[in-house]
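Presented below is the structure to which this report refers.
Per-chain numbering from 1; labels A, B and C assigned in written order.
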């Protein structure tokens, strides 16, 4: 299963980076969001770290929907889903492959969002950027585990991206809240006493939805139209 | 007759309250080409999906002798990633089927379908005929024991369709079972051993291709 | 069964209303506004039960593939959204005079609101044609995922608040025995109402499916 998942992830990444349309759209949308949010502060005034972290994760959440629609759209264009399902690899390999490639793509997008948020929202980072990367990567896994599971919703004849957004965003609330708080701590260097609790939330979110996806994905990803 | 590869016993399939197939009994044997015909909405594609195990039956049982990955598919959809080269497409399916990476095998199947000169071109620029050749190369590469065809010849020019028919016959003669959904009965019948006609959610005819009167059906407007 | 529940509800609600207005004393600090609580709490309670029924029915559907479970899950989600929506509104009507705000970041409030969003989206998907032939399966998976999210939402909402402690005081805890009786009676009455609605709606969905099948194809399965 791991080998097949890696093959899918590698294939998806090479498709995403060669065409690059999906990725560029995601980055542009995120940058636009950050820019628009920056209008909410008065000239010369700095946005609070909490607001900056919230905007960053908002851009990520929107980007995530685009990323997973793109990744699952790849299999629909010429019916490759049938081939994946007929291969000896279990369906979960598709979930894992998409989650991995989505994770990498999302992380790449965030590497553009982060400096944009710092610049547009006037932040100075007090904590270690390395910790920030670790936080982002850990929260991203939860987002991608759930995103890859529900991304399979956009499969078939009647896919509508907007519906995916509506169902995905409220479900992501715990991970987003944790991400916002942890990132605020990294930016401002304050609130260290709550890091343990939030880290626990992130780990729980990652674990619950990774397990749920492994069980539920085969129900969603089938040969039906 | 040799041991059946897939056996459907009293299989029914419903979508919600709507019946698509009712009480189907069907066996698919090796080295045999079965043509599946019937009017639109008779459940031909659903039957293929049930046989492939992609769709659970609502009632009845689907028994299979095939290991995972033993089923191949060739249809009007090509299963090709247009942004990847022909070679990369095949290499991807190779790893999905748990085969070691083998460039020589990929080159061999590409020349077998006449695409040797286009191995490193993006599959997106291929014509319909070339795409279908690439799909067939994928089938050869994964060597399925049961091949499901869903109108693979649609959109092909007559010469390519003749070539495709010959290749399909060769796959069956090499020992695989082929289930072939087609609307072009008159042309495809010659390459088949057996015909299954679906009508009214049931099997209306199941017998040798030689005894199947395609002309009479054409008169009814079924095809 | 439906008729029995409805009748029992009618009787129980008369008793429950009597207990609210004539038996339970007027709360000292909050005054008559506190009476909202007797409706609010059962609404919130039974909406949670609805979501749990949706969760269980979704699992059963995935395991057994029987359409009846899917319809039960749908009916439960509808009731859950309706009840939690009403619970939110009654809660706001209560919070405005007591806390002096319409809304505050309380874990229970936030969790209810987030779950309301989730299940409203679920109903939206149910009404749309998402998933095509797989719609029931898609919804069942969503039902499971949504319920798994509840504890996580609650935990994160609680942490969020504990860091920024709210200035609002906690609500008065101690209730008198008469009040407890009123609460209990209302809980039972609302439960009967809920059960009647759930059974009625499930049956209605089943009849609807059968009628659609008859009209379109002239036959009903089995």
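Quick note on the criterion: contacts are C-beta pairs under 8 Å (C-beta built on N, C-alpha and C of every residue); 3 or more make two chains touch, one makes a residue touch a chain.
All values derive from a computational prediction rather than experimental measurement.
Asks: A-C versus A-B: which interface comes out with more C-beta contact pairs?
Replies: A-C
Asks: Name the chain whose C-alpha centroid is most distant from the C-alpha centroid of chain B.
Replies: C
Asks: Hey, which chain is the most central one here, using CA centres?
Replies: Centroid comparison flags A as closest.
Asks: Determine the centre-to-centre distance between chain B and chain C, using the mean Cα coordinates as centres, and give it in whole Å.
Replies: 49
Asks: Where the CA atoms of chain A average out and where those of chain C average out, how many Å apart are those spots?
Replies: Centre-to-centre distance between chain A and chain C: 31 Å.
Asks: What is the distance, in whole Å, between the centres of chain A and chain B, each centre taken as the mean of its C-alpha atoms?
Replies: Taking the average C-alpha coordinate of chain A and of chain B, the gap between them is 38 Å.
Asks: Multi-chain contacts in chain C: which residues touch at least two other chains?
Replies: 133, in rising order.
Asks: Residues touching two or more other chains, restricted to chain A: which are they?
Replies: 222, 224, in rising order.
Asks: Quick check: in the complex, which residue numbers of chain B touch chain C?
Replies: 14-19, 56, 58
Asks: Given the complex with chain B, which residues does chain A contribute to the contact?
Replies: Going by the criterion above, the answer is residues 3-4, 7-8, 11, 14-15, 18-19, 74, 77-80, 82-89, 222-224.
Asks: Quick one: which bits of chain C touch chain A in the complex? Just the residue numbers, please.
Replies: 62, 114-115, 117-118, 121-122, 124-125, 128-134, 137-138, 140-142, 144-146, 148-149, 152-153, 155-157, 159-160, 162-163
Asks: Provide the residue numbers of chain C that touch chain B in the complex, in ascending order.
Replies: Checking each residue of chain C against chain B gives 65, 67, 133, 136, 209-210, 212-213, 216-217, 219-221.
Asks: Quick check on the complex: what are the chain A residues that touch chain C?
Replies: 146, 149-150, 153, 156-160, 163, 166-167, 169-171, 173-174, 177-178, 181, 191, 194, 197-198, 201, 204-205, 208-209, 212, 216, 219-220, 222, 224-225
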